[in-house]
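Look for subunit A in each of the two complexes below; its partner is subunit B in the first and subunit C in the second.
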Partner chain A sequence: MRMDQTQRGWALAALAILVSSAVVYVFYALDAPQGPRGGSIIGLTFGAVGFAFMIFSALLGARKRVPTWRVGRAQAWMRGHLWLGLLALPLILFHGGFLFGGLLTRVLMWLLMITVLSGVFGAGLQHYIPPVMTSDVRLETIYDEIGRVRTLLREEADRAVESLCGSLGLPKTSDQQGRRAGGFTALRTMAASAVPLRTSAAVSAGASAAVAAAPEIILLSAEESAPLRRFYLDEMRLFLERSKQRGQRLGDAAKASSVFAGLRTLLPAAAHVTLADLEDICDEARQLTRQERLHHWLHGWLLLHIPLSLALILLGAIHAVMALRY
Partner chain B sequence: MTTATTPLGFVDISLDGQPVRVPAGTSVFDAARVNGINIPTLCHLQNQTPVGVCRLCVVDTGARVLAASCVRPVEPGMKVVTNSEKVVNARKTLLELLMSDHPWPCARQQNSGDCELETLAKAAGASPSRFAKRTVARGKDDSSLAIAVDHDACILCDRCIRACDEVKSNFVLGRMGKGYSAGIAFDLNSPMGDSTCISCGECMVSCPTGALTNKNVVGTVIAAGPDAQGLQAEDLLQIPVFNGVSGTFLELNRGAIVKHRFRKDQIICREGEFGSTAFYILEGKAKVSISTPMAHVKTQGGAKGFFKRLTSTLVAREEDQREEEARDRTIPIDASVDLAYGNPVAELGPGDLFGEMTCMNFYPRSATVIAQSDVVAFEMLRNVLDIMLKNKTFRAQLDHTYRRRALENHLRGVPMFAGLSSEFIEHLKKSVELQRYAPGQVIVQQGTPADSFYLVRIGFVKVSENYPGGELVLAYLSRGDYFGEIGLLGGGFRTATCTALDHVELVRISGDDFRDMVALFASVRIGLEAVAAERRAANQQRMHMVHNVPIDQFLSQGLMEAQSLLILDLENCTRCDACVNACADAHDGITRLVRDGLRFDQYLVATSCRQCRDPLCMVGCPVGSIRRRNSLEVIIEDWCIGCGLCAQNCPYGNINLHPFEVLVDDPGRTGSKKTAIRQKATSCDLCMNLKEPSCVYACPHDAAHRVDPRTFFATMLGQGSAK
Partner chain C sequence: MARTRTTKKLAQRIDLNYFKRSTPLKRAKFWLSLLLPLLALSWIAWRGYSGDQRVYSSGPMSETHAVLEKECVACHVQKSGALSAKASDNACLECHDGPTHHAVGIGGRKELTCADCHAEHKGRVDISAVSNQTCTVCHSDLPSNGGTAHYASNIRSFEDGHPEFAALVADSTRGPGTVKLNHAIHMQPIRRGPTGPTVQLGCADCHRPPAVPPPATYSDSNYVGAKVSYRESVRLIAGVANALSPRRPRSGRELLAPVKFANACAGCHLLTFDERFDFGVPHDQPEVVRAFVVKKFQQYIAEHPHELLELRDPNRDLSGKPRSPEFRVLTPAQWIRERSTDAQELLWRKTCAQCHALTYRYAGSLEQLPRLPPWSHAPNGHSPDHEPLPEIEPTLTTLRWMPHAKFDHDAHRSFSCVSCHEKVLKSTASSDVLLPGIQICKTCHAPGPEHAESRCFECHTYHDWSKGKEVPPKFTLPALHTR
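Right after this comes the complex of A and B.
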């Protein structure tokens, strides 16, 4: 969620709660003869409110599990999660008088701090990464579909290279259409037979304007096509199969551009359209790799944040019961 | 050889030693032909522009090389030899080369023995060829229901291409590839059946070999059962309805028409099945019906408490009456009758044709037909039905049946015609004209005088308006819809162009009858004027948009046509899929949106129903069950038969087929029911019964919005107002 003007109301409310709590705490700390204690009325109030904020924040996970329940917009829940979760830390510090106490409370305090910090870190990531992903990954697809799109790209590249070099004897692995849950097709692949073709003969024979606008097919001689064949089999196809592997020339946009510029000097002009297609395919594969990395950053921090939050709520409840009972 | 006596405009030449006078500009080929000399050719036909690609018509004109006579005009004093040894040897070599690239015998030679290439090769002693055969096959295309394509038998004479382009002006056929991979192609090298080919057959009759053949030549016939009887042409010609049909055509299409005997209670065809045949009842009676209309798919929640999970359920019509339902009292089907909603059953009898839309337009069967008594019926393929519909006797009989049985229902199906008196309906039944249009044919042209009012009987009509940048589609009309009233009630000129999208049949009410009708019945006039005003206002609004929206991308993505878009602000969206999960949760676990689609600026236009102004999804529905509500919502009516055509037609992939469990009669145990799965098309319902769509409500990041694109993107489009 972006930290922008729309957060202003929540930010001001959180600030007001923080300031008023801090004022109460200061007076309370100055008046208490033995210093601030968690067991005092005010200390307990801080603890209860702080814990309530934690529970509310944790309920966001439950809210997401039932997205259709009309219990308030998810957006409001998320804002509450962010700001009340953040407020939980100073309130709990006021509750404990900035002392970490025994083993359980010490663990709790550290857990709270790491949870809040991981949340702040996550909020930061969710603020900065979506615009980066939007600008850097123009050909973004659904995350779960990345593997399939890669396969389709590889097959498209195979076809493009074979249209210049003749058969490479490469296996064809994907179905003609990707099916998704729900029975509809998310990705509409173009069948090989649908690739538009044109020849000057077609134009002279009165082919339609649509046919005339399509690119021509040109088969290069073995000698002419050797550099492309070598590049494709030794480098590009490996990149398309393992584009996450670091250190590949095609994994870097500038280097890839220079590789294709070099190839253009080695291949006849008639092959340059296909080379541009191959360059676009590499670009898309690179974007998909970038999408994967950004996606991992965008959601990876939750692997830390969620378990810590659950542990915090559980131990917080144990602490509350033990403190109140004993 | 031109002498002082040669008249102006004529040329004297010598043809095989004989002096000949022909008009200047005549080709050598034609000069020889009119003088009784036969020059063999493969690529040349009299009704096509000569191209001289086969070179088989070479003649010796005394020049250094032989000349192709079909493209060589006569010249004064020219000495032409058509059968010298040099010429004959050249032709033989050419034939041998062509035969080396030709399957021998080809399908045409096998079936009718008239492959022109093989006949010429045999006559020239050039068969079998001494050259090596092709090793790589170019393949066959069996996708068309009417014509079989064997690329291996193609000699690249281009006769089919010229037939398609010059003779029929269809411009579907062209050339593709080079050298050994050269061949003919349909559209952008689509399979013939998927291309825009209308199966007129001109290419087939122009083809000199077995490359393009009538489907039944290569063995496609209607599946014959024990009660089916294939008929010979001469048998068919004895039957009155075949009076006037070409015997040659029937002979060529042997197997494309079969006489069936259905026993009582036998199913003739089932709703939802894809077929390619029509049935014509000769004797007996049949029951036509559709399954009991399924109740509305309704998303509802909260009935059992605040936290009740939302689900998609089937709600009986009584529980969920739609506002404008009363007007749709009948369900249109692919037969000469309509079905009543409450009891969707009707009877067909001798002289009734059903399955015309399935046969002509390949739409799924709209209803189930069961023999009520022993039934004798003809089942025919499209090419036969097409030729039958062009037959005046058959046509007149069908029209008579239609006027007698269905026209009144159709007229009364138009809401404002409900008040017409029975006498006037009787008058209209006699005076209206029934018209047919082929796919792509213009019915009325914008700007021409308005002289008629039309009611759509079969097929789909596109209504469009021209503007400086191109064509703007205003509406698609289907069975029961009407057009032409604006011109007749207004300035007397057509305000839009109406074009047949497929095989269309219309009921034409003349301008005079129309004027009488509005003069006699005030309610009709008021109703029509209100609809005309509404249509005019909507059209003006669209045209205003066309002139004011400057962004090509906005137009090319079809966003202008959308009324409600689900957009995701990609700068806010964390790709958490909460929107997709919410949609799935609200609709029986099957999402109606996909977080994928085209981007416009920083927004992703998600794959979810756009409630288009130009709803292509409505084109082709065999039972007219997808339609627009008075609100934005595109709804799918209860009688959807789950054929999936709307899902195929939606250009944005926004309609899905949703399986529902229903109780049906158990054929194994009389009187008992069993659970079965029935498909029903579903699209985004905007969670209409809730304040906000679930996807938007569940987005935690303020990224998902349902918006009117014109308002939302107004700032971006430079229209001044903020989004």
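Right after this comes the complex of A and C.
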């Protein structure tokens, strides 16, 4: 969620609550003979409101799991989660008089602070990373499908190279035949063909499998295809299999471009179209890796934020009951 | 032909059921969301199972109650059938009494609970060190809170609203003391003294706490051990009736003991009464002194009967002309009466009057006349044999100048006396109140870490410990350590 003008209403409301709470707290703290205490009426009010904000924030998870609930727009829930969750921290600090108290309350305060700070960090990431994703990952796909798309890219590359160099002796999966990750016919089975094929203009335009089946065989001699075969088996296929591994030349756009430029000088012109396809596949694999990394930044903080917030709610409820008891 | 992509083509490579599959990120999120709350719950359950309720403590206990850190039930007693186990006053009063403040209950104020002032679970602090607000909740606006008007009514803190010490306010700057003492002279070098040609007195040569042995430099052993007929207590002002008593027994070092003649004065101020004797009269009531003088002259004349023949001293004729000697033969009674009359005149007019205010009361007269020589102003029919004795006014030494506050000289022993009692160097009358003003205190006692404590409890007490009751012991030592 971007922090833009649409957040203004919530931000102003949160600021108003914070300021009014702070004013109440200052007068209360100056006037309280014992200093601010969580057990006083005002202290309890701060605690109850703060805990209510926490519970509301935690309910966002439930709201997401059941999107069909008619309990307000998801956007409103998310904004409420952001601003009320953020307000929970000062309100709980007012509740405790900025003291961390005993063991349970200390644990709660640290949980709250880590949860809120991780949330703020996450909100910052959610603000800055999506534009980066849009600019850096033009071929963004669904994160969960990255592994699958990467496999399709490798298989497509296998076929493209075999169409020039002949069989590479690579093992084939059962559903590999006819699949081309470039979007040709991703899940549909193409017409079976004994020889590697390269698409025609019709295929590149998104034609059906029947059109794509039109054979166009350009086979290089072993001597001509040696540089490509060596490059593909030794470097490009490894890159497609392990794109996240650092230090690979193809992982860097500029270096990859120079590698392919060198290959073009070594291969006959008839192979240049296939080389362009391979370069394109490498570029897409690079973007997927970039997307994966950005996605981890974008969502990785939730591994801390969500479990801690759940533990916080649970222990907070226990604290509320036991504090009233004692 | 280069690869081309359309939305349709890109969509075709997506498994439409992808969202049903789990990913490492989703799995990690799920398991962590399950495990962490379970871990938290297990921690609480384990604490509960082991009977350790400290986890719910709202903070470390105070210094004095730290030994009860594990004994939650010592204070948090759960009544049968009730969820609440809040600490009540009864839990406090089972271990120690807390007599109520003299002002509690007035003006419709509710009775305070212990916890209203003594906040527990605030860390290892002195729980008796209550905040100023616990006092100023009433004393910042005392009349409207039902307080009486003879106290300052708008005290918000030591710095804000605390009045000057009562002994120093304008209408009572003269103390009640009657002993005539010139501090300024005594603080200067004195030409003659028992320890040498020049004596420089220090404050501690005269002023010591009761628990400290009196200084011997200017004492006289004849007087130190002597019994006196007057009662010391009638000469002291101990305090005021409605002052709150402190809790702890005094160490004997807080206040200074009244200065005694035997310990501080006798070394220099000899109470000699006749050249025939090298000792002085007792430091006692005039009756005792006169009896002592008469007795000494009786003993003397019995041992020296030749002194009954008295030769006029030729040098006593101021005209300078030689005069024939005159003789006078006295009876022992005459001799004793004349000598004792001379001695008493010396004593009452000079020696005693140097420090004490003396008055005379004649038979049949209720009026007291200050410093009248009895033989020259005696009413008609008065006989020297029945010379009236002077009455010595009680010294009225004030023991506590601040009866509503506690002050500990011992805690301030690192500071020289005159750094606070600066008026001593210029004081010429014993009635000067030499108590330092509140500004002197404020130079050190102020808010902030670089200053000494300035909260109300530092000088004042809340509980009226004169009404304190003994409480039987509640704990046995092993119980505290085995739980």
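The working rule: the second predicted complex is superposed on the first by the 283 of 326 C-alpha atoms of A that agree within 3 Å, B and C clash if a C-alpha of one lies under 4 Å from a C-alpha of the other, contacts with A are read in each partner's own complex, and residues count from 1 in each chain.
Note that in this section contacts are C-beta pairs under 8 Å (C-beta built on N, C-alpha and C of every residue); 3 or more make two chains touch, one makes a residue touch a chain.
On a predicted model such as this, the values are computed, not experimentally measured, just so you know.
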### Query
A:Asp31 contacts which: subunit B (first), subunit C (second), both, neither?
second
#### Entry: Which of subunit B and subunit C A:Asp277 touches, first, second, both or neither
second
### First, second, both or neither for A:Thr105, with subunit B first and subunit C second
second
### Task
Once the structures are superposed on A, label A:Pro131 by its partner contacts, choosing first (subunit B), second (subunit C), both or neither.
first
### Partner chain(s) touched by A:Thr68 [first = subunit B, second = subunit C, both, neither]
first
### Query
Touch check for A:Leu298: first (subunit B), second (subunit C), both, or neither?
first
#### Entry: subunit B versus subunit C as contact partner of A:Leu12, first or second or both or neither
neither
### Task
Kindly classify A:Ala261 by the partners it touches after superposition: subunit B alone (first), subunit C alone (second), both, or neither?
neither
### Query
Does the superposition put A:Ile142 against subunit B (first), subunit C (second), both, or neither?
both
### Query
Can you list the residues of subunit A that touch subunit B in one structure and subunit C in the other?
141-143, 145, 181-186, 188, 199, 201, 205-206, 299
### Task
Note which residues of subunit A are touching subunit B in the complex, please.
1-2, 6, 60, 64, 66-71, 73-75, 77-78, 126, 129-131, 133-134, 138, 141-143, 145, 180-186, 188, 193-199, 201-202, 205-208, 210-211, 214, 217, 295, 298-299
### Summary
Per the touch rule above, subunit C residues touching subunit A in the complex are 1-6, 8-10, 12-15, 18-19, 21, 23, 25, 28-29, 32-33, 35-37, 39-41, 44, 54-60, 72, 76, 83-87, 115-117, 119, 121-122, 130-131, 133-134, 137
### Message
Going by the contact rule set out above, which residues of subunit B touch subunit A in the complex?
### Response
51, 158, 161-162, 165-166, 171-178, 181-182, 185, 187-191, 301-302, 306-307, 309-310, 570-576, 578, 581-582, 584-586, 590-592, 594-596, 599, 602, 607, 647, 653, 656-657, 690, 692, 694, 697-702
### Message
Using the touch definition from the top, list the residues of subunit A that touch subunit C in their complex.
### Response
31-35, 37-39, 99, 101-105, 139, 141-145, 148-149, 152, 181-188, 199-201, 203-206, 273, 276-277, 280-281, 296, 299-300, 302-303, 306-308, 310-311, 314-315, 318-319, 322-326
